[in-house]
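So, here come the structures, one by one.
In the two assemblies presented below, chain A is common to both, partnered first by chain B and then by chain C.
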Partner chain A sequence: MTVNIFVPMEFSSSLNEWINSVVETHGNFLHSVSAVLLKNLLLPIEKLFTGSPPFLIISLIGLIAFLGSRKWMLSIGFMLSIYFIGCLGLWEKTMQTLALMGSSLILTIVIGIPIGILMASNKQVSKIATPILDVMQTFPLFVYMLPAVMLFSIGKVPAVMATVIYSIPPLIRLTELGIREVNHEIQEAAKSFGASYWQLLRWVNLPLARPAIMTGINQATMMALAMTVVASMIGANGLGEDILGGLTNLDFGKGAAAGVAVVILAIVIDRITQSFGQSARAKRTRVMGAAGGQK
Partner chain B sequence: MKKLIINTIVLLGSHLLLSASWGATPQWCSSDKPVKIAAITWESGQFYGELASLLLRNGYNCKTEFVTGSTAVTEAALVSQDLQVWPEQWNRTEIIKKGIGAKKIELVGNILQGGTMEGWFVPEYVVKGDPERKIAAIAPDLKSISDLPKYKAIFADDEDSTKGRFLNCPTGWDCEMINSRKIKAYKLTDDYVNFRPGTGGALDATIASAFARGKPLLFYYWSPATLMGKYKMHKLEESAYSEACWKTLADKSNTNSACPSDSPHYQLSFGVSAGFKAEAPEVIELFSKLQLTPEMLNQVLAQASVKKVGADVMAREFVKNNRQLVNSWMTSEAVGNFNKNFK
Partner chain C sequence: MIEVKNVYKVFGANEKLALKMAIDGSNKKEILLKSGCTVGLRDVSFSVASSEIFVIMGLSGSGKSTLVRHFNRLIEPSAGAIEIDGENILNLSNSQLTQLHRKKISMVFQSFGLLPHWSVVDNVAYGLYIQGYKKAVAHEKALPWLEAVGLEAYAHQYPDELSGGMRQRVGLARALAVDTDIVLMDEAFSALDPLIRCEMQDLLLTLQAKLKKTIVFITHDIEEAVKLSERIAILHDGELIQVDTPEQMISNPANSYVEQFFKKYRNGN
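And now, the complex of A and B:
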């Protein structure tokens, strides 16, 4: 005979009731908040992407890639692969996905970097925030996705929220790590010249932590892109729609075409953001080398 | 150890005893092959699956297994004979139609009286109001789909407020394509945005949210379904059903413009693989007799949602409360087995 050592506990029904009551009492308010976010951030960004002529977007991507990497062949290769997505007939959906990713990324950066800085400068905050970040990264998002739909309406807004929750932890962690790992002697030197907290942050910590922060942004971008399918499950349009449609319909071809487009986007964005991180490091070593030479 | 041996002996003994009552045991099951049943992704299908499994295990001495997967995957598996039973089959996908054409599968029974119902709905309080919740009827004259252009401001879309929003079927479902064509056929393209919710869960969450907040919503829904038993929905009238027009809406290969028609009522049945049918005529007989009324089924589904219990529990309760009806589906040998085994 086994002895039951577990005290029975149950919180699911009370949680359900709580969510329902929040929907009844605050649902209308939250829906209007979501409408404001939609009209002022998400839709303008989407119009920017879907409204611009394709050649402009392709050449912009080429230009940014060149600025980051200084490699002609690579930039042209990226332009060709983005052009290829258009040939697959997925241009509009790709732009919708990019817009969703871009909106999420803006929110991720605006929220994530300050939190990372705060965590680096205050151990107490770091102690409290670290387990929260663990929850954000591991808690199955299908669990909170549908309550989010009930609270904030279906479509892009809950999709962006889920994307931000999922992609913000690496940026916060890497920002904190980057600032913590800044050479203490350099910080001491700056302080001894009378640098205030903000001056230290602006001119020493952030520039030196830049490679780590860029890696964080790169990771956040990749994770945001990985969320496209999940986003389409709650009515956000984009490439995820085709993947989901292919999935429910046993239409491998349709799903694969959209999948290829996601992979191309991922590779291009990954290389571009990485090249900015690397070139920052390369530039700095060049500058420091030159400064050393002057002495 | 001793207990284990005794258990084994008892088990073997009962197994022999069961095989002895061969009258109800299909050949498929007496050769110890499990009956693989598709695990359906919606509640009523899950209930039919659990009900069938319960009857097969207790009445027909079969082993049953549930196999999970999306509708398309399990349907394909049924056609390829990897699954034996597909509960609550609607007979509307290409996979099933081709499978029937190639004699790989067969649809048995008429498991819901009157068949299915589907269409475009609004919450009842939009048309009739709800004095208890102090909701005024904001569209008392909204009767049919052709009235919708007048009411687009009520169902305004979040992204394009000059249009109304129609909440379509989830992406990739057959009803999504049919509804998209209906929007064109009813000439609503200028007034309504065709919004696809992505998944059934997101569709349900949006509907539940609108009902909880007492807000108007125009959406597609169907019966049998849990929400149908839970909320009061008002079906918008459509053009009369015409077979020719329905074909222009539902045929995937149709590229011409479609003409409006109501959706037909589908007969729901059990999909069975040809191999299983040949080796289990007893089960086929059961499936051909099994039938519930829509009230019974929606009651079961609403209760499952209120009590937060799974389809397996609901199937057991249904059998307990409707023993006579259940017995009338089975042969007397199977009923005998069932009385012995079901606890």
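And now, the complex of A and C:
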């Protein structure tokens, strides 16, 4: 006979009840949050991406890539890869994915960087927030989607919510780390001349933490892309739909095509955001070096 | 004029106990064992006269960099008073402290503390920007100081394009551009090689002959101390050993530690 040493405990039903009561009591509020997000962020951005002519978007990507990297060949390569996605017949869905990712990224940056700044300047906040971030980062991808669906039902809004929660921790962490690691004497110098908190932030901490923050944005972008694909399960449109469809209908070809598109998107976005992490000064020196070296 | 009165500084969590022990005269080791705190400064008192170059000298760990940071409260003392022109700066409110930083005291740092993403002229104008000057005015005020340190040709370069000596010239110009009465120099020339260091010392003396600032200069180098100073304070293990003119210290050293220092100096020359 086996002895059951486990005291039975169960919290799933009480959690469900709690979420249900939240939905019941704050349903209107959640609904209006959802509506505001849709109307002011998600739909305009989606319209921007899907409504613009493809050649415009492709040239824009090339331009941004060039501004970041200052490399002609690389930028043209990126434009060709994006064009190739269009050739696969996945243009519309790619734009939907990009729109969803872009909306999430905007929210992530707007929320994440200030939290990171706050954590860097206040040890107490850092102590409280760090374990929360740990939990957020170790949760499996799918767990994020449940509460998002329960609170906002199915569609783009819960997809964006889940994406933001999933992709925000690295940005917050790297912002905090970047500011904390700003050279101590440069900070001391700023204080010794009587810099205010905002002057210190604007002239010293943010610019010097920029490489770390840009790495954070790069990480957040990649994670957001991954999540927007998975979020097709809760009603997000875009490339994820094809992958999910491919999986459920055993249509490997369809899934693979969308998969290739996701990989291309990932590489292009990764390289572009990384290139913006380099400071303008570093690029200038590189150009000077290439031009024969003044120094 | 700066007056330092019975300043104590202990670092660590149990500051109260450590401070009490330090005042009662326990030695560093006992305090560390009992309270876990290190004593940075113990009962330091002296005064710096207006328009003099006052050198605080000591080896690393003697507390000299800690001490100089008390003058503009980058570090707060555990006990004691610091008076500038008769006013105890420890009683200043935050906004008064900001005014002190902006108008009264500026500082030059060992590893320069320049902003790498700002051009040389912007770095010199840094303190002016902080005071709210617009770019054009700030540049106009900064340029003469850039000329004074001989770097007017480099105004639009960036710090990483300059040599160490040139960077510290920028640091010096930045401190002078805000036109404060007091300039603190924390091992300002220690990171430079000997020839450049000598040049910088000469530059400082030339500028001082015109400007008549109150300069508190921190160094571990006895030659530098003797060359620059009117008076020297010798710090050892957080305690002030002697404050005097170099000549007095040579003829009348307070203890063997001071004697040792100057013996090395005389042998070196």
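Going forward, the second predicted complex is superposed on the first by the 264 of 295 C-alpha atoms of A that agree within 3 Å, B and C clash if a C-alpha of one lies under 4 Å from a C-alpha of the other, contacts with A are read in each partner's own complex, and residues count from 1 in each chain.
Keep in mind that, in the parts below, a contact is a pair of C-beta atoms (placed from the backbone, for glycine too) under 8 Å apart; a residue touches a chain by one contact, two chains touch by 3 or more.
Everything quoted here is computed from the prediction, not taken from an experiment.
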item	value
Partner chain in contact with A:G259 - chain B first, chain C second, else both or neither	neither
Chain B versus chain C as contact partner of A:L244, first or second or both or neither	first
Partner chain(s) touched by A:V23 [first = chain B, second = chain C, both, neither]	first
Partner, of chain C and chain B, that touches more residues belonging to chain A	B
Which superposed partner A:V204 touches (first chain B, second chain C, both, neither)	second
Chain B versus chain C as contact partner of A:S192, first or second or both or neither	second
Chain A - residues contacting chain B, complex	12-13, 16, 20, 23-24, 27-28, 31, 34-35, 38, 43, 145-147, 149-151, 153-156, 232-237, 241, 244-251
Complex contact set, residues of chain C against chain A	72, 74, 98-102, 105-107, 109-118, 126-127, 129-131, 158, 160-161, 174, 178, 184
Complex contacts: residues of chain B adjacent to chain A	70-73, 76, 95, 158-159, 167, 170-173, 195-199, 201-202, 204-206, 208-209, 212-213, 215, 308
For the chain A and chain C complex, residues of the former touching the latter	183, 185-186, 188-196, 199, 203-204, 207-208, 279, 281, 285, 295
